[in-house]
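Structures for review follow.
You will see two complexes here that share subunit A, one where it goes with subunit B and one where it goes with subunit C.
Let's turn to the complex of A and B:
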């Protein structure tokens, strides 16, 4: 096996087996894990405490225990987290951090305390009025509160120096990821839609210091190869997550290549470059305050539509694929606005309503096929 | 003869919509605002404020919401999101309803103390109508008391909003008028709460569905003298009724059970929800709405104002909400609680089950949940509703018997 295949296979396996991967990462690094709910959490603070921040992006589980807390119209990703939490699947976590970024998450902050008392939780409330001067000060105070709460739970002192170091590592990781998405777009055969997703997702279950080296290696190896031609349609993906994985299988079958993404689980995590100046707290706050086009952080005027149009133009994509997580209010609110903007530009849209518990993919398969053929 | 509060209520509601239309014609600035926002800031600058949630409710109550829902769903709005938003986004395009009309806005003014959803909805309006977006972000209170940095942040935003308003109006802010509006708003809030609390009497002089009607007005008239005077009059009427021992309905119609209605009324299905309760002699004596517009603070106390707005119950943790409801059960001699699992409102829904458990544990009263929606008529099922209410009646009856036996 070539180096690149080895690395890709390693990351794919990690992304496909999160629980096992987290256990292994903990063993390798000697660290304990702290769970990080979607969408944003100050992972640097966790890392600085000597813990392993791990992503909690749902999964495929039957709902039983969670029915005592949540109705049927709750998004599957978060209901799964609660289900797994009650069943004890997260008992190894030192704590979880839950950002109150949407109405559902606010309720999860509350339910978690009662439903999963064995895993302590720390809530964070990001500012929405990011154009008011006080939002930075507020966010910094929130970060500091999260730090104190983590310290109380874990008994570990989290120094500013340690946070600075963690931030630097994370900035490096984020730069690597930005480069990866750019380079990967030129190798649509080696990095198909499914591989691209899994490689990015693997980062949630690994120590970023290790992970970034693996991705760097993939980038270097790719660069040595001649650029590849896309077999079929090139698209920009937008939405919460590029799952369920079966959908990506159908993309691959139909030669659909993701050349860029605006997925909350993927590029939204690393596309915003940190501010060069300021204290460590200001820099961390800056990354949230400067983030554009993300539905979980309000804007005076929505920039997502223009951003998607630019992404399409800059990457030579032919269409936008919307991966709409069912019952995700914020994503559902954005859609009509950018839909109209994309239509005005004559950019085709493939709208796929997905959730993590989906069983049958035949309908989606037909729609994806005919979309690929139409273009 | 002087007018009753009911007559005045209808007049004032009509006047609210007429005045807004006239103001637009006269070239005055119009704001669309969320239902529990610091409207004081707008009223003080003579900006005409209308409330899309209220408007959507009025449209739904007159059974006209479907047309607007169809319009917005046609534009890509999922049927899973808040139907107030869907009605309003439809209205933004159609701009006319037989039921009630509001003038198009020159700005949108949003306080997300009621939910995160409104911020998304108003962001859409600001973007598509290309108008200023004024946001007062009230961070969710997962801790019982709002920490100092939250209050500071909200204060800062209020100052920022004042600057935005000055810019939009093209004149310096009128702080004197703000003081006045704050005073009136607090007086209105006082009378609103006092009126709602007359329902503590046994029987209650107030029918809960009447409260819903008055609520429609307190949303839009809190900062106006006419509003304050109306709520004072209403309160006096109710207190007089209570003194005479009169119940919520006509003579001979007994208030058999007293319940809390949790959540928004089903405006699109108002009549069956009301009639079925009445059939069993159930009166809604309270909810957390009396508190929703009880925004009280010292005049000119900006931090106090910030705190009052951020403490809207849906912006507070389950400890607070469940404890407050349990307290209501005790203070209002409540026999049961009806939870509206509102397909539109995830924030209010996703802690209902936990609240049920806590309220029953704390007070012993039974609770039920039914599925509905405030403005989308397609969700509510009369059969399910009646079955749930019957179940509640049985449980309440059982409790009463038990109590009677214990009393012997």
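Let's turn to the complex of A and C:
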């Protein structure tokens, strides 16, 4: 097996088996894990405390216990997290950090304390008026409060020096991921839609110091190979996450390649470059204040449509695929705005409504195949 | 000869075209995917055309059962096949409303090609299944629902978009003494409203046509037109449009 195949297979297995992967990462590093809810959490603070930040992006679980806290129309990612929390799947976590970035998350910040009392939680509320002068000061105060609460829960002192070191590591990880998405687009056969997603996802269950080296290795190995031609349609994906995984299988079957993304679980985590100047707190706050095109962070003028149009133009993509998680209202509210902009530019849109509990994919198969036939 | 088979959720449709793309046979069997409806419909169409399977040079399968039909040379989605069928039967149509047993689709055409489309979500609201449920509640044959609705004298709104809730809403209306005809018309309008919402998302053109089994319901077609404020016509042989499209694709694929 070649080096690149080995590395890709390793990361695919990790992404497909998060619980096992986290247990192994904890064992290898001697660290304990702290859960990080979507969409944004200050992972650097967690890492600086000597803990392993672990992404909590739901999964395919039948809802039973969580029904007591969340209605049928709530986001299935958060509902799965609550379900797993109540069932005890997160009992090994030292804590979870929950950002109040949407209505469901806002409520879970409170309900978690009752539903999953055995796993301590730390809430973080991001500023929405990011253009207001006080936003940076406020966000820094929130970060410092998160640090202090984590210190109280874990009994570990988290120094600014350690946070600076963690931030440097994370900036390097983010740069590696930006390069990966650019390079992967040139190798649509080796890095198909499913592999691309799994490689990126694996990073949420590993120590970033280890993970970034694996991704660097994949990039280097790819660069040694001649560039590949896409077999079918090249698309830009937007939305929350590129799952359920079966959807990506259908993409691959129909020759649909993701050449760039605006997914919350993928590029939104690393596309914004940190500010070079300022204190560590200002740099961390800057990453949120400077983030553009994300529905969870309000903008005075929505930039997502223009951003998607540019992504399509820059990558030579032929269409945009919307992965709409039921019933994510922030994402739903953005849709009519960027849809109109994309239509004006003549960019076709494939709208896929998904949730993590889906069992039947025939309707989606028809949509995806029809879209591929249409293009 | 070239054969197209459209295996839907509640019926199987087969069309056969000759070298000149003329339809020589078209059959509908009210048994859908998972049954032997596909084979029955195919045999009936072959008999009608007076040929055997050996005379068929190419087969295209479409519909939900397309991937399970092992006699097909290739599978193409019903969206592309309906567009192809309509392009042949009504060349100037630019918008297709296809309401089948388990889903509804609105397809926009440009130059005969699919330009955009929208499908309903995994839900019976706005589909033929909704009418099936309504006809059962009204103790009427599905094919008689249109004539019953024509007798309506007042507009009765069915506000629930969910088929299950709508069923209990209709039962309540009947218990309150509402006329069967008014309920039947209300059911058609409920679908029309739901599908009109889909039309808004994808936009409608100048010439709207309806395909699929629900287009057999004349009152439904008129309800659709009233809801959209535009003329809507049912494509002739509305149930087999997808199969005809598939047969034409078979012809084109063979000669490519």
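Following the convention adopted for this analysis, the second predicted complex is superposed on the first by the 375 of 375 C-alpha atoms of A that agree within 3 Å, B and C clash if a C-alpha of one lies under 4 Å from a C-alpha of the other, contacts with A are read in each partner's own complex, and residues count from 1 in each chain.
Throughout what follows, a contact is a pair of C-beta atoms (placed from the backbone, for glycine too) under 8 Å apart; a residue touches a chain by one contact, two chains touch by 3 or more.
Nothing here was measured: the structure is a model prediction, and the numbers come from that model.
Novice: In the overlaid three-chain picture, which partner chain does A:367 touch, first (subunit B) or second (subunit C), both, or neither?
Specialist: It touches subunit C, and subunit B stays clear.
Novice: Which partner, subunit B or subunit C, is in contact with more residues of subunit A?
Specialist: With both complexes superposed on chain A, more residues of subunit A are touched by B.
Novice: Mind working out whether A:100 is in touch with subunit B, subunit C, both or neither, as first, second, both or neither?
Specialist: After superposition on chain A, A:100 lies in contact with subunit B alone.
Novice: Per the contact definition in the header, classify A:348: touching subunit B only (first), subunit C only (second), both, or neither.
Specialist: Only subunit C; A:348 stays clear of subunit B.
Novice: Is A:2 contacted by the first partner subunit B, the second partner subunit C, both or neither?
Specialist: In the superposition, A:2 touches no partner, neither subunit B nor subunit C.
Novice: Applying the document's definition of touch, where does A:300 land relative to subunit B and subunit C: first, second, both, or neither?
Specialist: first
Novice: Please name which positions on subunit A make contact with subunit C in the complex.
Specialist: My answer: residues 348-349, 351, 353, 360, 362-363, 365-367, 369-370, 373-374.
Novice: Looking at the complex, which residues from subunit B come into contact with subunit A?
Specialist: 72, 75-78, 80-82, 85, 89, 112, 115-117, 119-121, 123-124, 126-128, 130, 132-133, 135-137, 139-140, 142, 147, 149-150, 152-153, 155-157, 160, 317-318, 341, 343, 345-347, 349-354
Novice: Applying the document's contact rule, which stretches of subunit A touch subunit B when the two form their complex?
Specialist: Subunit A reaches subunit B through residues 68-71, 73-74, 100-104, 106-111, 113-114, 123, 125, 127-129, 131-135, 137-138, 141-142, 145, 295, 298-302, 324, 326-327, 329-330, 332-337, 339-340.
Novice: List the residues on subunit C that touch subunit A in their complex, please.
Specialist: These residues of subunit C touch subunit A: 64, 67, 76-80, 103, 113-119, 121-122.
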